[in-house]
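Mind looking over this structure? Questions follow.
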Amino acid sequence: MNDITREIRSAVAGLFEEKRIDRFIGHEKGSVPPRSRPAFLSRAEDAERLVWDGFCSNNLAVYLPEIYRRQGPKKGNEPPLPRTGLLLKGCDMRSLIALAKERQVPRENVVVVGVPCAGMVSLRKLSAAVGGEEILDAMEEGDGLRVTAGVRTVTVRREDVLEDSCLSCRHPVPEGADVTIKAKARPAGDGGDAVVAAFAALARTERWAAFRVEMSRCIRCYACRQACPTCYCKVCFAEDNNPGWLGGGSEVTDAMLFHLIRIYHQAGRCVECDACVRACPMGIDLRTFTRKMAADVRQMFGFTPGFDIKEKPPLCTFREDDGQAFITDPDAKERSS
Amino acid sequence: MKEAILSKGRLEEFLGAMGNTAAVYAPVESGQNIVFGAVSGPGAASDGVRSLRLGASNTRLSVKGLFFPQREPLFSFRDDAVKAVAEPKAPLVAFGVRPCDAMALTFLDKVFGPARVGSLKHEDPYYLARRGAGTVISLGCNKPCSTCFCTSVGGHPFGIAGTDVLATELPDGSLLLEAVTEKGQALLDRHAGLFSAPSSAQLDDKGRISRAAEAAVRPVHAADAKARADAAFDSAVWEALTSSCLGCGACTFVCPTCHCFDISDETGGNGEGVRLRSWDSCQYPLFTAHASGHNPRPARRQRMRQRVMHKFSYTPETAGMVSCMGCGRCVAVCPVNLDIREIVAALGAKP
Amino acid sequence: MSTDESFRPKIVAFLCNWCSYAGADLAGVSRMQYPPSIRVIRVPCSGRMNPLYVVKALQNGVDGVLVSGCHPGDCHYLSGNLVARRKFALVKSMLEFAGVEPERVQFSWVSASEGGRFSSLITKVTEDVRKLGPQQAFKKEIALHE
Amino acid sequence: MTNPYLPIPVTIEEVTVENDLGDIKTFRLGFDRPEDAEGFQYLPGQFAELSVLGTGESPIGIASSPTEKGHLLFSVKRMGLVTSELHASAPGRKMGVRGPMGHPFPWDRLEGKNVLIVSGGFAFTTLRSAITYMMHDGNRRRFGRITAVYGAREPGELLYKDPIRQWQASPQITFVPTIDRPKDGWTGRVGLVPNVVKELAPSADGTLALVCGPPIMIRFTIPVLLELGFSKEDIILSLENRMKCGIGKCGRCNVGTRYVCLDGPVFTYAQLEKLPPEY
């Protein structure tokens, strides 16, 4: 058990004993090696279940909107809201801030145990690194991973199997945590700008073909939406039947429309945690498009979500000098293309 | 039961031959996953057989999609009159189906066949037409994976339920084909020229491989699951087991036996349209929501309980079989690693 | 892309009630000629415009989408068009990034007094879309039979 | 193999508004083809899917009695997509019906019995069918005493005002409409349905009770009936679940092992007690 896990367990046990939280959501080892998964704790002694390793990739902020969803109009005699403890990495923390900014979650009711993040392992990359052999166990040692796959044991460099989102993560440290665990965060990356630039460099027809092929694999299971902390509408536009924007089943233009509009709804709110990418059972490349939206919001409006609860969300405000080169001007003299 | 040997290297030839009279589907690569795709015959690329991928323990989506497609037109209409009814009768061969998926078809045959209990007889013409025109060639599991538990729910890595021909990869690289049904027998007879008779050594190999595979499947405590599930219906164990569920539909869409569907109309705007059947999931809140707003299963915990109860308690009573095939797909795809094996084992235990 | 003269594009034009819609009226009243390619949908303000409508129109098979509102500073609701401008910028950029031809979806400002600008706008947009040919990429085919 | 998804073509012959609010209308549907009229054999308690091509389908109880030949009656409350489209339809519109679906009230068990009908609000439709069926000359003698309590929030919300007037005037049935709270101009009984049933205290022996209404009315009516001596097998209820196929395939309307569309919608209270409380 690494030091980080030990420190987390004592911190969480302390929070329970000091009655600062009613429940704690962290990570525990899963049932399919090497996965870890969300763990819901209600007592100090449950803290023994907590672990911290390279597989704690679930964004736990996703559970908060449901916990703090008000059941009806305020009547004044509501019971006190529960106090929830959360084990958060950098991106998860930004999701919490985004939710608090949108008044879905009262920040003062949440006690955050923050872990500066060294990056999470991608199960798909790890499986590829061992030739698709079934992984029976994976132990982290320094900056390597000793993986037991089938009958072989292989050592893999951690950096080679990290999630793309972690390799390019700009803010691995959870700023604003109530308790911060001693852990070494990884160096900041480029925020995925490279991925966006690479895709943008392709010819238009190639981009469209790639976009359409990726979307044709979507089975509309909505795992991407359900895994996203800032996707919490009671009834999603995709499921409404009056008006019925989308048809049933997995027709490709419905999938394109769904993902374009869902990603659009995350403009200025997506913290680039890639929970949607990891949740997708079909391994669809959503990342290229979520990064594009995040990059546009950064470049056009100078806004990065998940830091300042007070700052106005980009689409709720404007600036006089917002760019409008894209606006068609019929009287413009020179022909652009 | 007639056995035949397809010698090493002739598989692509066999798939191509079948393509002359049917659309042949088999596991192929699709992005990051292996799914069923057309490899020969109508709908397949000319070199489709080369895209065959048999290495994976199982396809990400089950064979159910070939007989119960995710989106299927029931009939088309113009203004107020039904115009034409979809008649899916094109002959089809599903190759490389794992025995758990094949066994799932025996359950779906019951669901879509004549109604089970109760006096009213209804049959689903679309599913039954596809099944009638379909031939299943299953591929035994020489190397079951850790999430497989078919032996705990009445299945077997070399089970023959629901298949027409069982294929086994032998150590010498050849395929032993065993006809299970007349349809399977007819298929082997039609392509007899490609086959040779199996040697007794090859038949012994198959027996050894089958026994080794059976031993490799990890058991799951699913014994008397129905009694334990019924007793635990109101217990708090459900809260503890399902609080991390995100409420997506991935587990039900990859499941070989989940058959719930929605019916909706889509119009092209000029009065023409189609009445569609499409997959739906009991995990979605709108699945049971009344127009009045009342919802018999408003909480995710209740919906996850419905999924497990349906497979381990309800269908044993209504269809005479547990409708979980132990394929482990829902365990593999769950974004938060909810594990049906753990849930079933925990039913009846103190939370 | 087919550029045969016979192709007459269908363009959905979301016009803001106070300016662009009035500009269109003025063009009509002043008998200004412009191609009959637009189907107008009146919106209370360009700020009311939801990107879902733009993408849904493409899925329904229209050849082009135009959204036109008041010039910045003229908005009847003061900032409707200014907030909308940010939405439009993101939509335009994302659709282009995904591979939709830039000229398919256009945004503009036309005031109530600019009948002439409105007719030249429609002429330009129609010409742009006509050069691209019918929009098939996003069009949903309703499978009557497999 | 008949295709259970194909709607039977029918035409709206007449549309009557049933309540003051105007959100409940009764549609009289005529079969386009005589053989369909022949083929549509049903009994009170069954339902059908009303199909509007281009909009969808909606499961609605059959309000007409099989004794009313040549047409079907459906009372539809405007709630969602299909019901709104129906409410916007005029006589002459072509649409479709799929059914009859589900099991009717247990007419074999009702033979020779007294019948107590307890209903509230909009769910009275299938009981209108049952009463009309029992009151028909050819059937009335097959049943003993018929008592009916039918409640609504206000007088204007009571459905089928003409038939009700006839039943109130008829010696063959004790028909007691009631409204929740007093309203001027209303001379009838006032009070919630469970209380009215308690006051009437119909005798339980040789009597079966048909109970249809909103969940809250059912929850408070059942204890009253048990108190009056009704056995759990003699209390018969009709459930309303979200449905799509209506033929036991789409897996949506299950309550435990039972499909409301195929094994219901009619259940005895004894059966319901053994099912999980998910309806």
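As written, the chain order gives the labels A, B, C and D, with residue 1 at the start of each chain.
To be clear about the criterion, a residue touches a chain if its C-beta (ideal position, glycine included) is under 8 Å from a C-beta of that chain, and two chains touch if they have at least 3 such contacts.
This structure is a prediction, so every number in the text was calculated from the model and none was measured.
Participant: Using C-alpha centroids, which chain lies at the maximum separation from chain B?
Facilitator: That would be chain C.
Participant: If you tally contacting C-beta pairs, which comes out ahead, A-B or B-C? Let me know.
Facilitator: Pair with more contacting C-beta pairs, B-C versus A-B: A-B.
Participant: Taking the mean of the C-alpha atoms as each chain's centre, how many Å separate chain B from chain C?
Facilitator: Computed value for the inter-centroid distance: 46 Å.
Participant: Give, as an integer number of Å, the spacing between the C-alpha centres of chain B and chain A.
Facilitator: 32
Participant: Return the distance between the CA-based centres of chain A and chain C, expressed in whole Å.
Facilitator: Between these chains, centre-to-centre, one finds 35 Å.
Participant: Taking each chain's centre as its mean C-alpha position, how far apart are chain B and chain D in Å?
Facilitator: 40
Participant: So which stretches of chain D touch two or more other chains?
Facilitator: In chain D, the residues touching two or more other chains are 56, 80.
Participant: Going through chain C residue by residue, note those that touch at least 2 other chains and give them in order.
Facilitator: none
Participant: Provide the list of chain B residues touching at least two other chains, using ranges where the numbers run on.
Facilitator: 71, 262, 264, 266-267, 273, 277, 280
Participant: Can you work out from the touch definition every pair of chains that touches here?
Facilitator: Result for touching pairs of chains: A-B, A-C, A-D, B-C, B-D.
Participant: Touching residues of chain C toward chain B in the complex: what are they?
Facilitator: 60, 142-146
Participant: Applying the document's contact rule, which stretches of chain C touch chain A when the two form their complex?
Facilitator: 51-52, 55-56, 59, 66, 72, 79, 82-83, 85-101, 106-109, 117, 120-121, 123-125, 137-140
Participant: Where on chain D is chain A touching in the complex?
Facilitator: 56, 80-81
Participant: Quick check: in the complex, which residue numbers of chain B touch chain A?
Facilitator: 30-33, 55-57, 60-61, 69-72, 145-147, 240, 243-244, 246-250, 252-254, 262, 264, 266, 276-281, 284, 286, 331-333, 335-337, 339, 341-342
Participant: Which chain D residues qualify as touching chain B in the complex?
Facilitator: 1, 3-7, 9, 53-57, 79-80, 83, 93-96, 101, 103, 215, 240-242, 244-245, 247-257, 259, 262-263, 276, 278-279
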